[in-house]
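Before anything else, here is the set of structures, which you'll find just below.
Note that chain A is present in both complexes that follow, paired respectively with chain B and with chain C.
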Partner chain A sequence: MSALEQTELLTPNTLDEALRFLADENTRGTLLCGGTDLMVQWEAGVRPAPARVINIKGLTELSEIKMENGALVIGAGVTHAALRHSSLVIQCAPSLAEAAATVGGAQIQALGTIGGSIGNASPASDMAPSLLVADAIAELASVRGIRKVPLPKFILGYRKLDLAPDELIVRFHLAPMPVGAKENWHKLGPRAAQAISKVMGSYRGKVESGRISLFAVALGSVAPTAVRLPEIEQWLIGRAIDAETLKGAEKRTSDIVKPIADIRSTAEYRRWVSGRLVRGFLEHLASPS
Partner chain B sequence: MGQGTFTIMPQIVADGLSVNMNRVRCPNPDTKFVPDSGPTVASRTTMVVGSTLFDAAIKLKAQMEAYASEAFFGGAPAELNEHFFKNTYTNETIPFERVADRLIKEKGPQRVYNQFKLPPQIRWDQRTFVGDSYPSYSWGCNVAEVEVNPLTLEIKVKKVTSFWDIGRVINPVLAKGQIEGGLTQALGFALMEKMGIKDGLFDASRMQTYVVPTALDTPEMSIDFLEFPFTGTALGAKGVGEVPIDGLAPAIANAVESATGVRINELPITPEKLLSKLGAVV
Partner chain C sequence: MNKIVRTWKLNGEQRTVEFPPMRRLLDVLRDNLSLKGTKEGCSEGECGACTVLLNGKPVTSCLIAAGQVPDGAELMTVEGLEHTEGGRLLQHQYIEKGAAQCGFCIPGMLMASYAYLAGADDVDLREAAMREAHAGNICRCTGYEKNYGSRERRRRTMAERRETRKNRTTGPR
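On to the complex of A and B.
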């Protein structure tokens, strides 16, 4: 028997209809987009099957990728497959396209969405680091109106979001990568595909006249949420990328992060490799290509 | 799926009978009809069951040839060759179907009985543990090319080159497939599969936590056979069941040692273990 035998399914045709369902306690339900997190959690019994599900998969209002007022706007219902192949994303937030290409496998990429990845609020979301380095803002909607919340304020903790019961994520607004800047994504998993990250991260950086003028770095799976590392970023601004900088950034990062041990890795490795990833990002930034 | 037993057994029987493989049917084994042949162990199916069937097929062939000789060739020797029985004195041929039809009408279905016998030189004394406990062994040699990322200590197996002596190779495609599968399993054994016990329960209780290799982890594989047929049976085949999983993990351990200078002597070999041996001084 399916875990969902008793669950009612509502499929709104428009975003407005979805918001009206969410606003009314008699039609409110768990949002389902690609279902790649939820279906697994329900069937495994990790999460009880809800009384009602609102299926927002395919809503056109959630499916767009476009430039708007100088921001890269990505609908919450955009799939990993669409992200990795979007020329806008590849151009304006390349590490996000790279990250999308490492999510699960082809099937999960075809169904799973960026909204679901953030909506699931897991520290292992492969979408979070690249969104963080692009200063992403989550746009939330309800019948009461629109709220725009920067991602670090939206993801509050392990499985905790600043999302009211009548709200949903409509899209994310990203600052496009500045001209002359670079990005990179590095995922460490226990295998090459279908892997939950041990540690992963993204950076966005720029060097001008031999000195770092921009550096944003975010790591995942090292804390209850994905985190930016402002202390490292500030320490790096104005420095040349030399052996001392590399060593200093690596050590400082390893000192700052406080990862845990679990079945996928040890705290010791996670702490060490966090520093190594930052070193790798700086080497990437310094490399000629 | 499966090890290909239902393909190679008809192949072996067809070979012993000198008939086309599509004349051979291989029913599901059922202990109502076949004797207990011992456990499914030690990669012995091809060598033991295959040899038993091969020798039985040769007996059945001789039985049919004797009938053809007597019923059709007035006592001149008959030889079954694919579609015909041939009178070896006159080269006269009679289609297989004609001989078979008449044989069944006159004498009913033909049965032969054959039992596997260990070659006489193979002796094992269970009391003193002296002798050969198995009549033959398959052998393999694996070379692993491994890359260890100096930034993160991630381990990637780039290529595996391997040679195998499994005796006479009955079906090269299936044998290669079995070896590819075994090497992939060995890759998981070497680099990722781990099952710990926490509070009396397995900590890796699901496929999410018990990590096995994906297609993307699987390296290029070069697989070749060196055939030294086993001399103790007419078939000459040994087994290819378990041998592919045996050698790759040590080969990977050696390659990782040659790349990093540290020896990990506990599987799986992980970046975490390399780090704790190397210290954070990379």
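On to the complex of A and C.
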């Protein structure tokens, strides 16, 4: 028998109703959308079965992708399948579309959502690096109102978010990729599909007159949260992408990151491969597209 | 009693079923509805053996609480394949090619194939895309070549049949 036979399920019809459920202690429960993390954790007993679950799957208010005031706005309930096929995402945040296309397989992509990937607060979130290089802001809602928090301040640590018990992630606001810039996503894992990454990351960069004018890079699974690498970014601005730059960026990255060893990889490998990843991004930026 | 009632369109038929709302869709299909074709492999969304179609999309039924599936949703399990032309053809090609060994992964494989090939007209039929569409299905016996061959044959046969039908309706030119 399932671990969840006694768990109550509430399905709100609107976002407002979901927020009212969360606001009241008698109806508050664990939010469930795609289930790709939570259902596994509950069934395996990693997380105790909750008394009550609030089902937010299919809430239309959370499913939109649109441009608003110059930002790319993505609803927290948008699935990986929708992300990878969205022309707006492909155009404004291409590395996010690439990341979504390598999460799990078709079955996981049809279920898992961007809000869940961030809400699970795992350093192995495949969505986090692309959101970080796009300076994403998380929009949180409760009956008390709306809060907008930049992603690095929202994800506080391993499984720790700046999210009150009555709050819900409703959408993410991303800065669209500037004209002439490039992005790329890369994941290192035992296989391209399904497997959880050992290390992965994204960059957004631009070269003007032979010199780097923009470089944002974020890596996942090298720290308790996905992280931007500001020291590397600053070091690279104004440089030409030559052998010396590649070597310097690779070495500096390996020196800076402080990964841990776990079931998926060793700290030493993660350190080494982080440097290779940043080198690869610079080669991607330098390549004619 | 912690139970809810749902009515779904399951394999083309209206079915009403009562269950604890957080019971996995996989368990409701197998235990409440006695549809044992859907298999439980890894129970964590890795292997794809429990794949069913929810409103036409392939999903791992071990990761869905059945109470999340609303009234009126369309569900298709491997038992529903024989009621469709494309499904029958796909099953036939799997048999002809000898694509199954132990057979445990096959219901999920078939559902992923069916969903992909029955998708929109602009579905990407290049080999890499066809293979990637099955990245969420793991087989530990035969490998994947015969399965791929079966899908490819099914695709070609369907395309030929469509062409024949088109010519029949428009008449010879």
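By definition in this document, the second predicted complex is superposed on the first by the 289 of 289 C-alpha atoms of A that agree within 3 Å, B and C clash if a C-alpha of one lies under 4 Å from a C-alpha of the other, contacts with A are read in each partner's own complex, and residues count from 1 in each chain.
Heads up, the rule we're going with is that a contact is a pair of C-beta atoms (placed from the backbone, for glycine too) under 8 Å apart; a residue touches a chain by one contact, two chains touch by 3 or more.
Everything numeric in this text was worked out from a predicted model, so none of it was measured.
Student: Where does A:S202 make contact in the superposed view: on chain B (first), on chain C (second), on both, or on neither?
Tutor: neither
Student: For A:G35 in the superposed arrangement: first (chain B), second (chain C), both or neither?
Tutor: second
Student: Is A:N120 contacted by the first partner chain B, the second partner chain C, both or neither?
Tutor: Neither: A:N120 stays clear of chain B and chain C.
Student: Which partner does A:E8 contact after superposing on A: first (chain B), second (chain C), both, neither?
Tutor: Only chain C is touched by A:E8; chain B is not.
Student: With the two structures laid over each other on chain A, which partner does A:G280 touch: chain B (first), chain C (second), both, or neither?
Tutor: Touch partner of A:G280: chain B, not chain C.
Student: Please name the chain, chain B or chain C, that touches the greater number of residues in chain A.
Tutor: So, of the two partners, C touches more residues of chain A.
Student: Can A:A193 be said to touch chain B (first), chain C (second), both, or neither?
Tutor: The answer is both, since A:A193 touches chain B and chain C.
Student: With both complexes overlaid on chain A, does A:S86 touch chain B (first), chain C (second), both or neither?
Tutor: A:S86 sits against neither chain B nor chain C.
Student: Name the contact category of A:G105: first (chain B only), second (chain C only), both, or neither.
Tutor: Both partners, chain B and chain C.
Student: Just which bits of chain A does chain B share with chain C as contact spots?
Tutor: Overlap of chain B and chain C footprints on chain A: residues 44, 105, 192-194.
Student: In the complex formed with chain A, which residues of chain C make contact?
Tutor: So the residues of chain C touching chain A come out as 2, 4, 20-24, 27, 43-46, 48, 51, 54, 57-60, 62-65, 67-68, 70, 112, 115-116, 132-138.
Student: Give every residue of chain A touching chain B within the complex, in rising order.
Tutor: The contact residues of chain A facing chain B are 44, 105, 186, 188, 190-196, 254, 263-266, 268-269, 272-273, 276-277, 279-280.
Student: Along chain A, where are the residues that touch chain C in the complex?
Tutor: So the residues of chain A in touch with chain C come to 2, 4-9, 11, 32, 34-36, 39-40, 43-44, 49, 53, 55, 57-58, 81, 104-108, 110-111, 192-194.
Student: Would you mind writing out the residues of chain B in touch with chain A in their complex?
Tutor: 151-154, 156, 192, 196, 203-204, 206, 208-209, 211-217, 271-272, 275-276, 280, 282
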